[in-house]
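Here the chain labels run A, B, C and D in written order, and each chain numbers its own residues starting at 1.
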């Protein structure tokens, strides 16, 4: 992950793109790339999404790479470690969604706080 | 990253949420979380986005965690390593956007292939 | 639609929100609201999505309202009539996706141009 | 708007695409199209977004058409009139964001309910 961060920093500096890459703009780019993943799945069934053809999987892998790039860059700009942030959020989610209460149910956590 | 992946797997299994977590649904959840980052930036200027107040930064950090969680889980379901996918994409981007051509310009790469 | 446009204009002016409502920011807000619709559908099956409970339908109706508001406002700022733009796009789509070629298939139109 | 709805219905039926067009899938397509609008604005300044070049405006107009199409179709499938839903939401927003309290401020409404 540190290597990725450094490669992204070098890539941006070599192109003098820092002034375009404000956190606001990076958040936009991140969501655009996330939607490009969604586009691959919008007309397939859930079952089909579990068994992507090899060619489609290769395309989705590239989109996952794009999301990871912008997430790493946005996090870097904000001084956040995305993997640490994720692990901290998993701990929060464990308390928000107690296994005993939500087992096998997909409702939003607020349903359990009513 | 491997630790994160394992923690997510355990979290999902303890809640019996596997059947909800098809790649199709995870792609949707990923884009929803990416938009929750965007929501924090939609009314601020680019300049303000470079200097978030501490409280807002803490909220954005949690949203970054959410995006990282769904990205890691989606990638895991598809057998993709997200950091490897990102590094491979940086290499592709180096060829798509030659520094000499795009330096200081934000146009989409297709503009350079015309 | 003209009434809606005028109501939105009055709403924004009364709150002196014009300077926040640049097309860039409105595009962000539009995508955030579209994702709030997606959030309602991310863990339900396609079948369930065709039969929403009354309470959930009322929530989705409000999110549809939010998307329509930001779409109307963005279009107004850009001097575009969204319904006219949609009807023009349907005409384009008729040529891009000839019924004889795509009947019953969900592939992206580029698949048919290869 | 009724004409648009009828044109979309005919377009979908002629292509036998009804089975792909569940509300879940239409919500996904809607958010993907909203992101295609965002993509046009992600690297431009707010000022530039208020003065799009003619060619770019023509592209954004097509994306607005796409969002309007999927919004109209999703709303139709759910038995919702999108313009009525928007006007009802403007009324709700008038109460949520009293002009006297929020004038010239962009904070989220919850800030005013604390």
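Everything that follows uses one rule, which is that a residue touches a chain if its C-beta (ideal position, glycine included) is under 8 Å from a C-beta of that chain, and two chains touch if they have at least 3 such contacts.
The structure presented is a predicted model; accordingly, all values stated were derived computationally and were not measured.
Looking at A-C and B-C side by side, the one with more C-beta contacts is B-C. With each centre defined as the average position of its C-alpha atoms, the distance from chain A to chain B rounds to 3 Å.
Put simply, the C-alpha centre of chain B and that of chain C have 23 angstrom between them.
Shared interface positions of chain C, i.e. residues touching 2 or more other chains, are given as 20, 25, 28, 31, 34-35, 38, 41, 43-46, 106. With chains as nodes and touching pairs as edges, the resulting graph is complete, every pair of chains being joined. Residues 28, 31, 35, 43-46, 106 of chain D are the ones that touch chain B when the two sit in their complex. Those residues of chain A whose C-beta lies close enough to touch chain D in the complex are 20, 25, 28-29, 31-32, 34-36, 38-39, 41-43. Against chain B, in their complex, chain A makes its touches with residues 1, 3-4, 7-8, 11, 14-17, 20, 22-25, 27-28, 30-31, 34-35, 37-38, 40-41, 44-47, 49-50, 52, 57, 60-62, 64-69, 71-72, 74-75, 77-78, 80, 82-83, 85-90, 92-94, 97, 99, 102-104, 106.
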